[in-house]
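Below, chain A partners chain B and then partners chain C, in two separate complexes.
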Partner chain A sequence: MGMFLSIDTSASGLSAFRLKMDVVANNIANVNTTRTPEGGPYKRQRVVFAPRDTKVRFKSPFLPNVLKPVIGTGVRVLRVEKDDAPFRLVWDPTHPDAIKSGPKAGYVEMPNVNVVTEMTDMIAISRSYEANAMMIEHSKSIFNTALQIGRST
Partner chain B sequence: MEIFKSWDVIGDAVIQRATHPRHFGIIDKPVVSDGRKNFIGEFGDILNKQISKVNEIQLTSDELTQKLAVTPNEVNIHDVMIAAEKAQLALNFTRTIRDKLITAYQTLINLR
Partner chain C sequence: MFIDSSLTKTQYLLEKGLDVCLIRQEVIADNIANVDTPHFKRMDVTFESQLARALESEKNPRFPVYLTNPKHIDFFKPLDYRTVEPKLQIEHDTNYRNDKNNVDIEKEIADSIKNTMRYRAMAQRVDDNFKMMHLALQG
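Let's look at the complex of A and B:
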């Protein structure tokens, strides 16, 4: 437990949600991208969060530190993974990336990005970011309140 | 063999101080007996250490602010703000401690 533990924890949340916001922005920007370097339309990206763990963990059950309840130190981004949901099919035979043959001929595979989902994600992220910022503000005011104890003589 | 006074012994830790280096037994630092090496040290040392830590926080904040000015894409704005706030809080803390020290000093000076 350090002087600024809660501030550091909230700061990790701020960074994580900032990154998630970047990913959502990328998804919305690529809502009509039908051509990617790996082939096929753009796949929606998702962010996987995990608790941040700065301590070394041992698997031995005999080490007493394993059993101690420890306060976490925030969140970290584990990875950015791709959503494998099916693509949207749009009828547009004149599109350069339209499927030429087979039962789906004439259709274009559009990215599996739903703008409405991304917008709600965006709102949730911006509220989470606000919550973390609020947390920092209140940690600050707690710190200042503690200092007031020393100042009032 | 060292001989300690009875008031120098607390538990199994022995503290010996020389108020002046020319006095007998030139020992500047508190002596700790075996087994308890984690004696904290003089208050002044602790204070100096803390002040240098506060200085480090200020330098970190400075560095981040410069980074923000030079390469804005490489830093998060909230990191800069948090570093600045941390610096301010640490400085406030130091100021409160200094005020306390000065109050204590003045109390001692005005004993008569």
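Let's look at the complex of A and C:
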């Protein structure tokens, strides 16, 4: 806090994107999981982000001082929620988790994870992570510059 | 005498500029941390343009007005550069992606690099200022 606020802000971004990357890794690892403790195939997870400060931001330019925008302090993870998209159906009657009766008999419900989506998410996440890491470098360079003031006299 | 010298004014302006650079760095860090947050709107700091206007206004009184009564209003009122403060502005009216987020990460990184270089340049000038004072004090 205080002087090094910008570094803390970037660090919040780093940990949020790290968590998002963990969730993507978990989705990819469970791409073929058909059995879970709560029953049914694995459901894709996704992360919900929100700004860390919960202050409402008004659009009007004519505001009293208390309502004026303040500098945000980064990002936080609200929750990890489950994706309720329909499952993939794969024809495999010999599978132990195949549907036994009804119009879908013989099909296996596979998780609603699309590997291509997860891979593109992964690239976007690593770029965002790098951007936050770069911001820490820049802030560090600024503080180093400030430390050099008055050294040479 | 020393208080009102141009060296002190330069010093004041540079210090203010350094402060604003630090604020801007915090704002850019927040924008980049929220690059993936739905409905987030980027923030911006405006300072330099207002400061330039204030400095310009004290430089040239364009149109001398003859006032015969203290209640007359002058056409031209110079702004004091000491009253200029950085302003935070939220960019509400643009959309960059479908989730209503408008952070352009490349632009933010470019801004951050510019900000860092500006900070370095101003810190260098502060240092030079101190050197000049040092020289004057040594005689």
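Things to note:
Note that the second predicted complex is superposed on the first by the 139 of 153 C-alpha atoms of A that agree within 3 Å, B and C clash if a C-alpha of one lies under 4 Å from a C-alpha of the other, contacts with A are read in each partner's own complex, and residues count from 1 in each chain.
Just so it is clear, a residue touches a chain if its C-beta (ideal position, glycine included) is under 8 Å from a C-beta of that chain, and two chains touch if they have at least 3 such contacts.
Quantities reported herein were computed from a predicted structural model and do not represent experimental measurements.
Clash-free side-by-side placement of chain B and chain C is the outcome of superposition onto chain A. Of the two partner chains, chain B is the only one that A:18 touches; chain C does not reach it.
More chain A residues lie in contact with C than with the other chain of the pair chain B and chain C.
Looking at the shared chain after the overlay, A:127 reaches chain C, while chain B stays out of its contact range. Within the superposed three-chain model, A:150 lies in touch with chain B and with chain C [touch as defined at top].
Closest contact between chain B and chain C, by C-alpha atoms in the overlaid model: 9 Å. On chain A, the surface patch touched by chain B in one complex and by chain C in the other comprises residues 7, 150-151, 153. Residues 3-4, 7, 11, 14-15, 18, 133, 136, 140, 143-144, 147, 150-151, 153 of chain A touch chain B in their complex. Across the complex, chain A is touched by residues 18, 21-23, 25-30, 32-38, 40-41, 43, 88-90, 92, 105, 108-109, 112-113, 115-116, 119-120, 123, 126-127, 130-131, 134 of chain C. Residues 76, 78-79, 82, 85-86, 89-90, 92-93, 96-97, 99-100, 103 of chain B are the ones that touch chain A when the two sit in their complex. The touching residues of chain A, when paired with chain C in their complex, are 5-7, 9-10, 12-13, 16-17, 20, 49-51, 57, 59, 68-75, 124-125, 127-128, 131-132, 134-135, 138-139, 141-142, 145-146, 148-153.
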